[in-house]
Amino acid sequence: MALVPLIEYEAADKAVRAVYDDIRATRKTDYINNFWKALAHDPPLLARTWANVKATMGPGVLDPLVKELVYIAVSVTNNCEYCIHSHTAAARAKGMTPAMFDELIAVVALANATNRLANGYRIDVDERFASPLAP
Amino acid sequence: MALVPLIEYEAADKAVRAVYDDIRATRKTDYINNFWKALAHDPPLLARTWANVKATMGPGVLDPLVKELVYIAVSVTNNCEYCIHSHTAAARAKGMTPAMFDELIAVVALANATNRLANGYRIDVDERFASPLAP
Amino acid sequence: MALVPLIEYEAADKAVRAVYDDIRATRKTDYINNFWKALAHDPPLLARTWANVKATMGPGVLDPLVKELVYIAVSVTNNCEYCIHSHTAAARAKGMTPAMFDELIAVVALANATNRLANGYRIDVDERFASPLAP
Amino acid sequence: MALVPLIEYEAADKAVRAVYDDIRATRKTDYINNFWKALAHDPPLLARTWANVKATMGPGVLDPLVKELVYIAVSVTNNCEYCIHSHTAAARAKGMTPAMFDELIAVVALANATNRLANGYRIDVDERFASPLAP
Amino acid sequence: MALVPLIEYEAADKAVRAVYDDIRATRKTDYINNFWKALAHDPPLLARTWANVKATMGPGVLDPLVKELVYIAVSVTNNCEYCIHSHTAAARAKGMTPAMFDELIAVVALANATNRLANGYRIDVDERFASPLAP
Amino acid sequence: MALVPLIEYEAADKAVRAVYDDIRATRKTDYINNFWKALAHDPPLLARTWANVKATMGPGVLDPLVKELVYIAVSVTNNCEYCIHSHTAAARAKGMTPAMFDELIAVVALANATNRLANGYRIDVDERFASPLAP
């Protein structure tokens, strides 16, 4: 029971079409998925969200597939059905095998468990972990 | 305010020492972090948790560093302070650069946002995403 | 697959009818939604929950519509499908326009993202924010 | 135990200073809070996040204070200590009284409770709530 | 950095004292914990919350200790530090042994893991589980 | 829209059949529910998860029914539809009455509310709760 209509390319105004065109060019596919068609009823939200996704998921120091795995991990933890399906499809397209998906889900389950062990016992952070990003 | 004491190697019984020894051998480090020292007050829980961590985080089809990134992603989403620190340290030891950490956090933040866009608008899953793992 | 039956007014006992009557009088509508019909199988839980909702959502210093927006924000964050639908309907009845819903969802998504940026980087609270409610 | 250093204006490069200047001009205050100083170690993330915050929290159909209340509601639900403090301060600056804060927290608590009543009993969404945004 | 002051009995008005007296009589202890002292700055919220706690946690078909264990389970899952500490103390007072706490935490961790396995793989509910509460 | 196929006993390999046999023997029922049939596509994950469930949910100091109630509490808090249904069925088989389920859900809802009151007001933990597990 979606709360907003899906806007198809043909029915879209210029601003929305520009985003759709950029999604297609960036992803090298004609397919626009429902997430974008739903956001399209609010063109500025669509443009802002796409700009953020494009910048965050685009070329960087992490492999594109790794970013999709991280996306799935968050979506499974939050139980976002739509995002689990769409990013699993995206990860598949970027080379994720079923065996990789299984390992991913196993790590996600484990982390959700140990998060509660650490929080439940209120375990103090080790001194040496205080500044793990220090050079 | 930890709810359980930390068990040092010297004070540990045989079963706990066996786990500590295996952690050291597996991780090629002498350091046992507080998480394990806290679980050690309940030796079967310690043994079971370590066996699970060892199997899940051990060699497989995903790179060990990728698994640590996924672990951090879940821990940040759930706000487990201990796990964020310990797995950030683990990821650093496996080659995560500060720039990679930044990209990771950015993806986690984005996924947490779009999870709510998809759930808030109750967007229907695209037909074509129904079976993304089909061969 | 609801776990409990819905109790209609006609089948309800006196205690449940009293709550239904008060819901109708308070909300100025004949419609009793499924949430209350489901709780009605446990009359004390129904009475307690309604008393709490009536007191919390009733007249106060916040506008009734603002309270509905806050309710939706929590429900989207937790992904409660029922509550998203019922409180979106309630907000609509109190004057929420589709444009207001869009802004609300955008703020909810943004907050869920920045919550993870702050938690992920473990950013320390500014001294000056320590006592924001001080007079 | 923050994972990244705070970047002060004096130590900031040109791109970061531009964002700081815009934050100051937009918010009509000299104060830059730790959240931005922490993001500043990654200038593109800082710029992207600020652009998103500025657009989402800026003038629209919802009152700026209402948006802050929604932000607090999400942050309390997720337990983001930093965000609770910073947005409570922001809401105070925009006119939130302690009494309004109390009502807000009460609604957040109530919504978190009824979310679990609805999810726990698996209550079906009422037919009439299916399209609450229809005109 | 609490956002509200703690109201001691001596400084409390009549309505707050009545709640404090009832907490003391019901719990057979003189000690009023910080949670109630904090809510006391908003007497109606205090009264409503206490009435709800008293009714929900009072005599019923579940053992009082079992209810405390459930309370801890939720608090660990949500990572509410205050509630973990206060309800662990309450459970201790009602007979929870350290070994029982360990088993509880282990079940909480396991459930958080399998919740993600079920959600991650989108496993369909078995037909026979559809109406588990049917007589 | 499950992401993995269900493996029936007849189609299962030896390792999977061994787990199914142990589930049947341990639970004294022929029925293998979808959760296990879904995990069975990844035999090591199945074996590891079952070993963990068997050890954690097996005989100990907490009553088996109490453990199921705790499992439901976590699953409702996280909104895992599958787990709510399967563990409600398991709890029913172990003696949970509908009245017990109602009390359980009421405690879960209450805890989710008071978790946010404590976190929202940032209430400091009472000194005396610091070491509730001390002998």
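Should a chain be cited, it is by its letter among A, B, C, D, E and F, assigned in written order, with residues numbered from 1 in that chain.
By definition in this document, a contact is a pair of C-beta atoms (placed from the backbone, for glycine too) under 8 Å apart; a residue touches a chain by one contact, two chains touch by 3 or more.
Only a predicted model underlies this, so the values are computations on that prediction, with no experimental measurement involved.
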Original post:
What's the overlap between the neighbours of subunit C and those of subunit F?
Top reply: A, B, D, E
Original post:
What chain is the most remote from subunit A, judged by the mean position of CA atoms in each chain?
Top reply: E
**OP:** Would you identify the chain whose Cα-based centre sits farthest away from the centre of subunit C?
**Re:** B
**OP:** Looking only at C-beta pairs in contact, point me to the busier pair out of D-F and D-E.
**Re:** D-F
Original post:
Looking at A-E, A-F or C-D, which pair matches C-F on over half of its contact pairs by residue number?
Top reply: A-F
Original post:
Whole-Å distance, subunit E centre to subunit F centre, using C-alpha means?
Top reply: 19
Original post:
Among the residues of subunit E, which ones contact at least 2 other chains?
Top reply: 1, 3-4, 52, 56, 77-81, 84-85, 88, 98, 101, 105-106, 108, 110, 112-115, 117, 119-122, 125, 130, 132-133
Original post:
Which of the residues in subunit E come into contact with subunit A in the complex?
Top reply: 72, 76-77, 79, 81, 84-85, 105, 108-110, 112-117, 119-122
Original post:
Which part of subunit C faces subunit F closely enough to touch in the complex?
Top reply: 1, 3-4, 41-42, 45, 78-80
Original post:
Hey, which residues of subunit A end up touching subunit B in the complex?
Top reply: 1-4, 31, 33-35, 38-39, 49, 52-53, 56-57, 60-62, 66-67, 69-71, 73-75, 77-78, 80-83, 85-86, 88-89, 92, 97-101, 103-104, 106-108, 110-115, 117-126, 128-130, 132-133, 135
**OP:** Name, in rising order, each residue of subunit E that touches subunit C in their complex.
**Re:** 1, 3-4, 44, 48, 51-52, 55-56, 125, 130-133
Original post:
Which of the residues in subunit E end up touching subunit B in this complex?
Top reply: 79, 84-85, 88, 98, 101-102, 105-106
